[in-house]
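Labels run A, B, C, D, E and F following the written order; every chain starts at residue 1.
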């Protein structure tokens, strides 16, 4: 028997798993079902077949699949679903997880190595889950002299701010957006403004030297690149006359703005990299100078949350790039239409015939939109990840020099291009295109 | 109607709140299942590369690039004014270009001064 | 100008702006050493290197062991360059004992030493890449290094700690069809390292970051007694393989790479050029090498040197590596001193880092071709 | 424009390498192939025979118990100790043979060089890890066993780069 | 609904304003200040002017509060003013505040806010831009001048005064 | 000038005018001395006939021995007139039987291409004490740091390893050993490794 795990017995292992299963079932029956009953009374339940669903009716739907579809549909169109699952947090977190996996495998491929390989049989697809489990079971160490409330709150607030950013991104046509705001673009910039605050607060609260330097660097970097970020989009605002993100997407049905405003797109992309603290602009986390920058004192799940937040932020930024410059969800119809008879008659599955009229919960257009959106977003994410394998880190004074001299100059070039296009009558109302 | 826009924005707040509710338990669970050994006080010292920390963590540490932060405050305002101008450009008369040119001119003069100051490293 | 301050408010003093940072020993940007750095904002005010974390007293240990048994532990300071670190010791002992090395062994020594130099420089380059935040430049050299490590393993039987050179030649002859294998790998290796240019050496971000960082002028390089790539990057053409050819280097056409700038970029480029030159030398040596013959002089069990002293030096991956042996008619050296390039370049560190930006610290530090383990010995 | 072309070149080089073969040696599945059977030494000529310096192998029928290997190791690692063996050998009057502690051995091969009777040589076996320090001490009986090694991966060059095929 | 939200925002704004003044820690004080500014943004949202609300958040929280935080962090606590307990000062402060509130209130009441319709259609934010560039353009230029003056003034104030001490070699 | 030497320690160093042959016992005694090295040695000899002893002249190697009082003069002459511009290493050798510690500077040249092969060994000796207290006893030699800047760290190392105090060295601190090292200087012969 090995010395590392001297008391390991397979039977113990099985018993512990059975124990857990037993307790989960017991707790679910004793607590979960009464709780669900109570909650059903308080939730605003959807109207089905012209009568309000009662909690009892709700339970009966579990047994009757033909009643579930409208219920699911109504859930999918509720605000709660939008916030938690589809255009909201769940979708973003899923894409963030995909981003991490793609980053690892792509970087490994670029560097002629294998990357995560063993966890999850197929090319290490479960590596992220393994890492999450590891992080969640690690001890959280907080420096003794740290400012504890801020230190605890910072990772959570970081994720929450990133999620609030996600709320403004329209994913598909027909109102698939959490918050359809009239001044969406400005709201985006207002939310971006929170990231430096959280960063610098967490850096300050750790009461350690390296996080402090990292936080101040992060502040300088984020704050300096907000101006080019804001100004580079001004060209689009001039040409569309709108700040609503959905309207900006709809204005790109025929052509994408990157065709006319490539300089703005490049500036936005570079500023985006800086805001995301990605290489080559990852100065706040420069490990060879300041150990891990403002993340130095985070340990265990707190670090995991900051990583989650930063990848959600990465998704949100690349989605914003898609929305602004790459035409959002617009694209040719590639999703095959649903078969008519399934919609009308339902599916015949062997001996059981489940007549579920209107099976597709989502229409064809919406799925097509989402597919295009995800494809484009993944493309942008790939472009964000690629520099990590190609470029070294830049220095802070060079960074600020780039931000304040070159990018702002390019922003104004971009604005003049937009103005020229507008006044020459190429674009805008009554334009040629 | 009063509060019409606020209703839209409430979704952003709800999303914010939901994220807190969703990820907060991760910290709590981690706190519950992770080992907690408080016997070693060295563990709770701030990171100092293996040495005993000297001095304070929060010193008066000022990067030489303070002027950029100061500039940001001003240029943030400017950028948002430019948004107000840009979004209403289509319905503006041509004469309205003059004030924005004056505005930009003054701001660029200030920016030039600030960039000149930020270059003089030895005064920071 | 002094303004009247309200009561209770004071202006802070200059010294309070200065923050002391310990870079190392547990820092991703330091080796096994510590740099005590004082920063004022983004600028380094002073730097005090504190080596010695891996000091093992190799010189003291050598006084207790005879000339042969010294070999396995003397290569420990730089296990990535173990052939070169044994080279001056073997040359010195050969002079002390009056041994004549066979011709084939001379060429094989040159080949092994150049291969090992490439292996060392690849490792150095990998760390330089990661210090600058370029993860690909960490993985590529670390991977391509494997080609030559594998080759050296086939020659010497160990991956890094070869213990291959002995006074009087080399431990064993090369395996069959070695020349063909070696040529194939060296050619592929050369092709690979030429690909580093586009992603690393010609990368505008790298150039903007390292050019002008930590400039060491020609005069200062001489005055500070630097050596190796640090010296040659400052425009001094001093390569011992050319200036004081030892073993078979005299018969080979060695070109020493010199750059004039003396900044981090030049210092980081010289080793890369050296690797290309090494490939050249290996090909030449393979051509000129005698195809067969003895490779080792047979020694008595406990060879004794006379009452003498020798100072031998070779060009290692980090510059001139000297070995000073004082012998007093004993089987053990009376005093053995390794004058290593890293230790000689250490003096540049406080000199160059003063007034530099904090972001330049890793770039300047590692471009000095400093190997903490070797400096401590 | 030099900057822009440099950046584009770097990106291009990065993307090109996405199509190059992976170089990694997948260790537990693949093992590198070595030259020959292991490092040996010919005391008549004083020159070794190239090979991997792995775990030793001891020929009981040749070992005379002369302790030369232990003496050679004394200044290096002090890994070799002479122990009594049960068997009776004619050429080994004292009945002692080397026992090697692989927790200390540095695999320099000087003991092989020291042996004048062809009794000790090194094999290709390098997987010696164990959970206890005691298990790293190999008795003469254990050293007698020829290790089973299956190593077949080699670096292969082709147009899409080198791999451990 | 709007009333409840209004009450909540009021509590947030005033509460955090009080906290900003009373909390001993400067960092928590500035966080409270951010709460106050956010509450004001909430008022703007309730008043159907999201543009101004976003302006408030982006500028006041995103940059001015950051600047305050940054400055507070860089200053050591013992170097800030020692709190001087003085009854006369407090009463003078309260009196000044009352005077300012009364005068501001008079201005607000006189500005015709009473006749405003609560159910009127919200003003489009584009009209803000139009008005700024046509009727109120002197205000815009004046604002530019103020901003320029503030950036120059801030830069002049922020530089260090002990330049003679030569520690750097470049 | 120098202390009388016991024959078994330093092999040669006899009368200065007669150049001592390479002292190794195995080497043929009447070997032709290399010309270039001899000319350098002659220059030194001509300037410091009494102060500096040429101990040997070998191919590319010259060894000069001086008293520690004359150290600075000889070193300055070597730098200014002979164009040796940097130190490769500073070695201390402990001779407990003569109660002396020898400090050896290996000097090389980058500026003069003719001297690229040459290494000039400059040796001096300091008295040795049985119970050393580094920095406070009589074991001291003048520092060459003002003449050869490059010896700064080498001399620090020599100081901590052998307890030789270098006068006028600006920064005579520990370098490699731990801060709490309170034993003998480790490179002295009476510092024994455990078990040997």
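Methods note: contacts are C-beta pairs under 8 Å (C-beta built on N, C-alpha and C of every residue); 3 or more make two chains touch, one makes a residue touch a chain.
This is a predicted model, so every value here is computed, not measured.
Peer 1: Trace the shortest chain of touching neighbours from chain B to chain E and give its length in steps.
Peer 2: Steps on the shortest route: 1.
Peer 1: Find out how few touching-chain steps suffice to connect chain B with chain F.
Peer 2: The fewest touching-chain steps linking chain B to chain F number 2.
Peer 1: Central chain, going by Cα centroids?
Peer 2: Taking the mean of all protein C-alpha atoms as reference, the closest chain is C.
Peer 1: In terms of C-beta pairs in contact, which two chains are most connected?
Peer 2: A-B
Peer 1: Whole-Å distance, chain C centre to chain E centre, using C-alpha means?
Peer 2: That pair's centroid distance is 59 Å.
Peer 1: From the mean C-alpha coordinate of chain A to that of chain B, what's the distance rounded to whole Å?
Peer 2: Spacing between the chain centres: roughly 20 Å.
Peer 1: Take the average of all CA coordinates in chain A, do the same for chain E, and state the distance between these two points in whole angstrom.
Peer 2: 32
Peer 1: Please report how many Å separate the Cα centroid of chain B from that of chain D, as a whole number.
Peer 2: Whole-Å distance between the two chain centres: 58.
Peer 1: Out of chain D, which residues touch more than one other chain, so two or more?
Peer 2: Within chain D, the residues that touch at least two other chains are 7, 10, 13-14, 23-24.
Peer 1: Which chain E residues sit where two or more other chains touch them?
Peer 2: In chain E, the residues touching two or more other chains are 50-51, 55, 58, 62-63, 66, 70, 73, 76, 125-126, 168, 170.
Peer 1: On chain A, where are the residues touching two or more other chains?
Peer 2: Residue numbers touching two or more other chains: 110-113, 181-182, 186-187, 189, 204, 209-210, 213, 216, 219, 223, 226, 241, 243, 291, 389-391, 396-397.
Peer 1: List the residues on chain C that touch chain B in their complex, please.
Peer 2: Where chain C meets chain B, its residues are 12, 16-17, 19-20, 22-27, 30, 34, 39, 41-43.
Peer 1: Which residues of chain A touch chain E once you look at their complex with the stated criterion?
Peer 2: 147, 150, 181-183, 186-187, 189-190, 192-194, 196-197, 200-201, 204, 216, 219, 223, 226, 241, 243
Peer 1: Using the touch definition up top, name the residues of chain E that touch chain B in the complex.
Peer 2: That would be residues 1-2, 5, 42, 45-51, 53, 55, 58-59, 62-64, 66-67, 70, 73-76, 118-119, 122, 125-130, 132-134, 137, 140-141, 143-145, 147-148, 150-152, 154-155, 158-160, 163, 168, 170 of chain E.
Peer 1: Please name which positions on chain C make contact with chain F in the complex.
Peer 2: 51-52, 55, 57, 59-61, 64, 96, 98, 221-227, 231, 236, 238, 243-244, 306-311, 313, 320, 322, 324, 326, 328-329, 334-335, 337, 339, 343-344, 346-347, 376
Peer 1: Considering the complex alone, what residue numbers of chain C touch chain A?
Peer 2: Touching chain A: residues 19, 21, 27-29, 42, 129-137, 139-140, 143, 199-200, 203, 205-206, 208-209, 357-362 of chain C.
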